[in-house]
Amino acid sequence: MAVGGLGGKTSRRIGSILIRAVMTLLMVATLNFILFRVIPGDPATLLLGGARVSVNAEQIEAQRQNWGLDRPLFPDQMVDYLSATLRGDLGYSFKFRGRHVADLILERLPATIALVGLAQLAAILCGVMLGLYAGWRRGGAFDRVATGASLALYSTPSFWLAMILVVIFSTTLGWLPGYGIYSPGASIGAADRFLDYLRHLALPVSAVALGLIGQYVVVARAAMSDVVTEDYMVTARAKGLTGGQMLMRHAFRNAMLPIVTLISLNLGYVVAGAITVEAVFAWPGIGGLTVEALNARDYPVLQGIFLLLGASIVGANLLADVAYGILDPRVRQ
Amino acid sequence: MSDRIVQYSPSGRAGAIKGFLSKFLGYGGAQLGLLCLVFFIVLAAVPNILVGPLETAGTATGDFLAPPSGQHLLGTDEVGRDVLNMVVHGARISLTIALLATVISLILGTTIGMTAGYYGGRVDVWLMRLTDFFFVMPSFVLALVITPVVLEVMGRGREILGFRPSLFVILVVIGMTSWAFVARVVRSQTLSLKERTFIDRARVAGSSNFSIMVRHILPNLVPQIAANGALVVAGAIYVETSLSFLGLGDPLQPSWGTLLSLAQRAGAASAGAWWYLGAPGLCALTVSLSFVLIGNALDDTFNPRRRVIP
Amino acid sequence: MTNSSQDKAPLLEIDRLSVDYGLKGVSLRAIDDVSFALRPGEAVGLVGESGSGKTTTAMAIAGLLSPNARVSSGVVRYRGNRLPIDDDAAMRPHRWSETSVVFQGAMNALNPVHRVMKQIAEPCVLKLGMSRSEATARARELLELVGIPADRGVAYPHELSGGMRQRVMIAMALACRPSIIIGDEPTTALDVITQAQILKLLGELRSQLNLALILITHDLSVVAESCDRVMIMYAGRIVEDGTVAEIFANPKHPYTRLLIDTIPNPANGKKIIRPIPGDPPNLISRPPGCAFHPRCPSAMGVCATEVPGLDKFGRARVACHLHRSSQEDKVAIHA
């Protein structure tokens, strides 16, 4: 119970969180390394951009030396690979001849961040609030409707939702664009252009967000259902608090604890949803790039995307641990 | 808690099963889920009897992208194939992939979770590190990068166990990347079972570690495995549909995801051909939802959270 | 103490109270025809196994019945006025201002994410309308009163020992100066020494602030140290009621006798807990007649058919056919 003991516990906790993060990234990079060496074909040629690039024997030999491809796979080549990855050198794209994978990814990242960020924000605000309320009024009419609808949304592939939204709001009603990021044609002012961008964002964001809302309602409802049966809620009631006071002062923060963790663990699924939704709307983000890379079997790009997703998932988990520490005094100090 | 221990006397077990069934079937969600599931299993079992053999561009009979009519209840696709025909055949592909992937995932998850929990120590630490990795990395993301490489290595030629290679690879990859949650649940349950007296009794009686795990621990894990298994199926359907939509499926054995991919490529959404993309998506949604409902009902049956008397 | 409190008007009267819990159309009777009175400053122990109805009785008095509970008959009066115990909103002003509860404070009765100071001050702000600084001053005062240095108030519940948390619970219960405190197994999760300290603290505060105390416990020895009167409950009914001295010297009900036998005897230096043979009462299939007869060493034929009434013996009450047969002429308060 001494303060020093708690400090030790906390630093151990931070230590183990960081070790887990590093381990996960290391395994992502190792998987990339193994997969790339497994692909049929000469690694040197592959590293130069695949069979479609014409290279002469000298270049291949230089590459072989450069990458140490004549040295043993483990540990030499793997260490080289990992250190290159660490420097941000992800190799060259097969499809976009000779372009750096990192450049290609960075180019496409903003469009995806806008899509995922907005969808995630909308889903957290709506989904968590609705779910907390459903859990608070567990068994009531609102709870039943919200839970049923959420389970259905949760089971719906986001890209299918996207296609349905396009059929309804774009093809049939003609309210919103169902394709691309800007309307083609006439050059317009900056303000109009931004509006145009937002109109193009509406359907993709809705498609990703709706699927997430389903999940967050389920998660938040479960968290709140657990909290309302806790002893401290009985204490709060015994203290003569009103329902609203019990909810805001005692239930809310405790219910947020598991929600924070689950939302961060969920980032992988958010990205999965976004990738397929981008494919529906030809949204020029990471999802679009993924589809292009898949079709062209552009492995370096695919692996770069994999690394990016791994890093963002690890980052989200770290963020959740920090948030958890702020919300829950039991792990803080 | 103690009533969740498997009864070994035959009458006790029959009674327990009866009690379980009446409780499980008492949930509206379980009834609905089972009903939908039976419907789709029938579709998957005898597609040829119901709608004839899978149509190809060569055997197609309808107009291009024709809306639903008496002849084609769900309309036709861009080469004139009957959508109903393809959706019913898709049920077989989608369900088989999801169920086989789940079997792989459950076997892996149970083995790893039980081994980690039972042996503890270093085995536990390393197995759990591995589990942590697969826990944070979603199956979809892993499958996205692994599947094309494995396909490239194997080539796209011959069928394996009646599957086109791409489908076989997809189901194996999904199975091998979606076991982490099961492993965690099984491990924690094993840890608590290990401390029970009947395990000690078996150990004193000279049972080997393997036989203790299989005969004494495994039967008591069935509730957890079943409830999570249903959720793994739902997840597997989601991942398979998404991967196939991105073009990793096989057009010669089209699953619902592949049909959606074909619809997307044919521009069905912007052409307003709702019938083409509506049916496969609705099927995937329904089956996935059924498994979620069944999983939730199983979970509620095995872990009643609400107490009647405080 | 006991004699003087006998003369005052009762603070709380429970009159033939029955409470049912509903479960999918089936209803279970948790307490059945319970009557007793509590005078100002009096300490009463409610003792029984789980399922005896002691907690439901306490929750009914505090107006904390769960939504699936139904008061099927009887009333609770506080200072002569009927309490709306089945109306959650109407009970709110009464809670904590008049009756507060010391829960088994171990870990979960205190909110893990708030400092204990804030939790003690909360009812002062919300119920007494104090400003935040007034409430904090009051909370510091209360902490000192229960023997915790006021500066420890910045701690979170998990940073305190079990005994300290229980003291915090008591400080919290005193916040609005109630006249009744219900202790719901307040010492159960504590070690013997801490248990004694907490009971001593409760006793001191009781005489200092003239509090009436209802102590819910499964442990008769706890009652022996801290109560004036004790009521033994079994399967939702009071089976024996008397002063602590009477009950321990001359237990009338066979169940009470068995409960006293289960108390570990410190004289031989061993803590052996001998459970009472048989299963605790099952409310779903309550035995006919006296609910205790399947476990009763002195059961007779009549016990299986007729529910014994709670008969008066001077100030004491007993519900048992053993005593009934020899006391036919006594006036039964419940026929």
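Just so it is clear, A, B and C label the chains in written order, and each chain counts residues from 1 on its own.
Note that contacts are C-beta pairs under 8 Å (C-beta built on N, C-alpha and C of every residue); 3 or more make two chains touch, one makes a residue touch a chain.
The shown structure was predicted, so the numbers you read here are calculated from the model rather than taken from an experiment.
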Chain at maximum distance from subunit B, centres defined as averaged CA atoms = C
Contact-richer chain pair [A-B vs A-C] | A-B
Take the average of all CA coordinates in subunit A, do the same for subunit C, and state the distance between these two points in whole angstrom.
-> 53
Go ahead and note the Å separation of the Cα centroids belonging to subunit A and subunit B.
-> 23
Please set out, as single numbers or ranges, the residues of subunit C touching at least two other chains.
-> none
Interface hub residues of subunit A, defined as touching at least two other chains | 234
Residues in subunit B with touches to at least two other chains are numbered 310
Residues of subunit B touching subunit A in the complex = 129, 132-133, 135-138, 140-142, 144-146, 148-149, 152-153, 234, 238-239, 241-242, 245-248, 257, 260, 263-264, 268-272, 274, 277-278, 281, 284-285, 288-289, 292-293, 296, 305-307, 310
Name, in rising order, each residue of subunit C that touches subunit A in their complex.
-> 62, 64, 92-97, 100-101, 103-104, 108-114, 122-123, 126-127, 156, 158-159, 161, 172
Contact set on subunit A toward subunit B in their complex = 20, 23-24, 27-28, 31-32, 35, 38-40, 151-152, 154-157, 159-160, 163-164, 166-167, 170-172, 178-179, 225-226, 229, 234, 265, 268-269, 271-272, 275-276, 279-280, 290-291, 294-295, 297, 299, 302-303, 305-306, 309-310, 313-314, 317
Which of the residues in subunit A come into contact with subunit C in the complex?
-> 1, 6, 230-232, 234-242, 245, 249-250, 253-254, 257, 327-330
